[in-house]
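Each of the next two complexes has chain A plus one other chain: chain B in the first, chain C in the second.
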Partner chain A sequence: MNKNINLQVPVGVRDVLPMETTAIRQLEQKLTDFFYSWGYQELMTPTFEFAETFKAGSPAGSDDVLFKFIDRQGRVLALRPEMTAPIARLVVTSLRREPLPLRLCYRANVFRYEEPHAGRQREFHQAGVELIGADGVAADVEIIALAVETLIKVGLKDFRLGLGQVAVTKGVLNDLELTPEDLAKIKEALAKKDLVLLERLSEEYKLTGIRRKQLELLSRLHGGAEALREAQECFSGTGAAKPLADLEQVWQALVAYGLEQWLFIDLGILRDFDYYTGVVFEGYVSGLGAPVCGGGRYNDLLAQFGYPCPATGFAVGLERLLLALKGSLSKKQDKGYLVAGSDVAAVLKKAQEIRQSESVVVFDNQSKTREEAAGQAEKRGLNLIWLE
Partner chain B sequence: MNKNINLQVPVGVRDVLPMETTAIRQLEQKLTDFFYSWGYQELMTPTFEFAETFKAGSPAGSDDVLFKFIDRQGRVLALRPEMTAPIARLVVTSLRREPLPLRLCYRANVFRYEEPHAGRQREFHQAGVELIGADGVAADVEIIALAVETLIKVGLKDFRLGLGQVAVTKGVLNDLELTPEDLAKIKEALAKKDLVLLERLSEEYKLTGIRRKQLELLSRLHGGAEALREAQECFSGTGAAKPLADLEQVWQALVAYGLEQWLFIDLGILRDFDYYTGVVFEGYVSGLGAPVCGGGRYNDLLAQFGYPCPATGFAVGLERLLLALKGSLSKKQDKGYLVAGSDVAAVLKKAQEIRQSESVVVFDNQSKTREEAAGQAEKRGLNLIWLE
Partner chain C sequence: MARIDKWLIVDLVKTKVVVYVITLALPKGRMGKEALQLLERAGLPVEGVETEARQLSFSFPEEGVRYLICRPTDVPTYAEYGAADLGIVGKDTLVEAETDVFELVDLGFGYCRFVVAAPRQRWEEVNQSLETLMANSYRVATKFPRVATAFFREKGVSIEVVKLHGNIELAPQVGLADLIVDIVSTGRTLKENDLVEVASIFSSTARLIANRVSFRFNYQRLLPVVEAIKQAVGQWGENDVTNS
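So, the complex of A and B:
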């Protein structure tokens, strides 16, 4: 007899009830207002595009995380897994004549076909910035300073930003000359900082000499200026010297600006997108199993759309940020009213009048008596105004 | 040689550049703030769900407008075409214990596989409200008053809301006893107010007597209390008498509340979703070929999810609203600054300092000389602050 429509939603997506929705919307607004105050202008791209567009922006390893589908003309579309590649495409098609650098920002829901885990479903929300057409230390400094101050701005207290340099990290990994499968295992061990596993893999893959030493260094280095110095000694005279010198300059400017307490160096940071080319970073919060924000320099991405142009940026995961802020978010404490009575127009007028000064005024369209209205008001924690 | 990624986006979706994005975001915020002041709480549902969930909410006629796709388990999913059906599902699964009536609102992008037309692509933005668990005249009055005041609130000046009653309109159409195909032609003529076509179809389908008279009345009636009176005479003693009396009460309360100048009666309004059961309405703006908002009573929808419960609501189309507001939107006139100089940390500090009081302060991460910086500032219409 049950002919009702199925009440379930697909695995990995969910409803967001009023309290959490309000918190997410407030975060989105705060973040974009703050980005705007740094000169970043908001834009929007389509929720789905040709899957090809996202190729450049797909998480490292494969495009299996894409939510793909076929349109009625047989073309392969996909829900966006992130916003950097679509914004690169947009810049090339629509903003090529604007003076560089471009400062752009967004708030968007994005989609990844992954196993749902803490603070991340298959659909989740991001806010982020892209600084396009600016290379060099000062641009890296701008983006990292903006990331730190963004987290401070929204009220996060206990966080640290790890700074890495994929130009070094990728170089070391390439030098290992491993098969893609073996390399993937090394990367995973590195990302997890699993030193025991890394040593076992080094034995198994017969890594020796300088290659092994450099890999160990990447996995172990963690700290401030002294960690950088150790890396510079180890990589002195190699192709990694220049990228490390850049990172040091970025570090020094950020320290001079007064952000040292929020920062550390971590050359093991790889980020989960292949498009990064230089200084990268991730924001960590104690107790959260995944970064609350991340980004970095991606100087080759726009070239894939036919417009070679340096760029850097970052994104904040709003559900993760919300988890990290849990407890410290202030609830709206509006004093509300329920206005009721027998004359619909008179009650509406009274409600409108009070609404000018108080933020929430509910028009009671149901109650026939004062007692009923009092019950409605009580259930909702509202003050009753009854018009005879 | 061109190995670049395709720069196109699929037909019917588009990028939204900064000026329009800012306008849409401001509208979303204004609308949800206003809904909140009436006691409506915002929530979110997934961007895609099982296609079945949207069946109840699909535009009249077919579910061909759904953007469907198959998941990796072979189940049929779809991008949401509207928010009323998902919110009905959400209420049944998550808010069944909350005191009725529930006041809920949303801002959402929705998707319809239709030919793109003025003010509406295949992905577009809506904001709306649902008043769930409230039947009767006063609840209809609340929703219509809220719709009118919402449009006034966002600055729309030249609009009218047409009020209809699908309990009457659907009754007349059913009484015609036509095939679904013939009925669809009649509906289309009615929706377009094409009286010539309607007369031709009436001849062709051999409609005579009271049935023809009632159909003509639906197509022709347009106005205030006098239009309602004429309808009541024509339908006196029929099943349409009660729904018309309800509509009259709604009309009178709205007139008493002072909204008459924004309203008219139009019994030809059918709305494009089958779930409507009672008083319905659409908002029109001169020069816009489609309603800027629409809604009404849908007392049978929640029952399809196993929870019989009366409800009413409406949605505003943001792209259409933006078209209607064109020219009257105030642009942000912030006085911005570009801060530049040779010492990165010093320039960042200066920028931070000014940002406390001015809303936009751009950190110039590129210019090496005062002249370069002056050029950057001029291109962007910003005041230059140069630190030696």
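So, the complex of A and C:
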């Protein structure tokens, strides 16, 4: 019986061939170097952990998204769906005595049991930063400025970062005086930007006058300083006024710093509504159907690990970023060398010599004649060095 | 609105600025025709656009608009991936597709309802009790497995869902299924096949959808188009036939 081994890989994962691997690794390196230049230190966490660690984090860690398995003691483990929850756990356990704020960054492959769609597989790569132990406008400004400059740094030309503030939405919803079930429906309509459903719910719950207007504004407000002014008028004296004022300060600082051309305000950006607590943002690239990066303030997460501590951060999706950079990355690397000859030791020595100058040098261990070696060099686009 | 845009674009073309062309995915068939009538009322260029022709895309470079003619079930996909900025599609298709798109406007036309239907004789045998009927049903045939699964799960009924691609009414006649979940507009097809509606799941009309990145990234460009379409539909809520 000579049964063939299955040559396929499961749905949602894939092999990455040399050219793309190089591109991903270079991109990762560029991002990490840039984060480092802002004082963010890289760390690594395990690829799998106890499933409950992830459940404390964003909805990416909810049961139906995790790849779970059971160890030999019967404990439930899971592949990491994102890096923020593991980093929060690590900070609480190992970095608790370090002075705050902590600036941490990572690059990692993450796993989500979702239908593969819109440029995302079940395994994909992220690079990101977490700023832990810093609350307030200046910390939000740092993270957003870093996000914008990161995208500029990697060579994106046509992108925008949309800023939202989930605390505004939470304030407005609190003032509605609806039952939790009804609120959940409104939240869902807002989060999915299902304006038809939102309209219908407003009718059903008999929301009129200023409340109706506020809700409608949440779903529609988009723009710059003028949009913020419109919101301020509408939300003055409500629970949404303070978070809105915070957002305006963030906006003003970023504009004064010179990033206005990359930014807009959109109160409809909610991301994972229940997880985030303040200013949130998403990066959009023209022609790419899904955000290339996203993040925001999540002040409640570390408390779940027993260490109440404000935090903010963002992650970049590398596959999506690569799609957005398509073309501009394919710089051909310098031509290398193929060293061949009959004396193996001499060929190795020569190759080592040329390698000193940082060139790629391939040792030809097959060719018997100069003609053969020339053919090999030609096929690989290398310069031939033949030793008689 | 379209006229103002046109001048703006002509101006920009002269100065060699690349103008963003809005891509709108339209469904083939009857809904596509109604969509075109709506777009015309909204002041968008539609001259020569056919939803049943061989030509699958129509461009109006001066107005900065392009249409893609798609299978209705593919419209959400085009919008989700950003191949189209906007799309027009029935809520029925949208629910079944489970795509991540923005739903902007209820366009009012293309009304239909999702219903559960059973052979008339069986319905009478169970004295028109939905509970009894569901408890004694083992298979449901449908073109919309997600809608059907969600409905029966909510009712706490475990039933096997059989996906078919058309002529669902045939399934109960030959014992392939005990029930069907399908969309009806007038109910005539059910009647002709001796089926009766036993439960209504929800009703559906055409919707204007948008890619979630494009809608934010090209907001200034898309908003006038969305507003014009909304105006053409009438005030919000007026065409709200799905509330029933």
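The rule is simple: the second predicted complex is superposed on the first by the 334 of 388 C-alpha atoms of A that agree within 3 Å, B and C clash if a C-alpha of one lies under 4 Å from a C-alpha of the other, contacts with A are read in each partner's own complex, and residues count from 1 in each chain.
The definition used in the following text is that a contact is a pair of C-beta atoms (placed from the backbone, for glycine too) under 8 Å apart; a residue touches a chain by one contact, two chains touch by 3 or more.
Just so you know, these numbers come straight off a predicted model, no measurement behind them.
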| item | value |
| --- | --- |
| Touching partner for A:T22 - first (chain B), second (chain C), both, neither | first |
| Chain B versus chain C as contact partner of A:A184, first or second or both or neither | neither |
| Which of chain B and chain C A:A225 touches, first, second, both or neither | neither |
| First (chain B), second (chain C), both or neither touched by A:L79 | first |
| First (chain B), second (chain C), both or neither touched by A:K192 | second |
| Partner chain(s) touched by A:I210 [first = chain B, second = chain C, both, neither] | neither |
| Footprint overlap on chain A, where chain B in one structure and chain C in the other make contact | none |
| Chain A partner contacts - residues on chain C that touch it in the complex | 80-83, 99-100, 102-106, 207, 211-219, 223, 236-237, 240, 242-243 |
| Complex interface listing, chain A residues touching chain C | 117-119, 160, 162, 192-197, 199-200, 203, 222-223, 264, 266, 268-269, 282, 284-291 |
| Parts of chain B lying in touch with chain A, wherever the complex brings them together | 2, 4-10, 13-18, 21-22, 24-25, 29, 32, 36-39, 41-50, 52-53, 55-56, 69-72, 75, 77, 79, 89-90, 92-95, 99, 101, 103-104, 109, 111, 113, 123, 131, 134, 136-139, 141-142, 145, 149, 253-254, 256-258, 304-306, 336, 344-345, 348-349, 352, 355, 359-363, 365-366, 376, 379-380 |
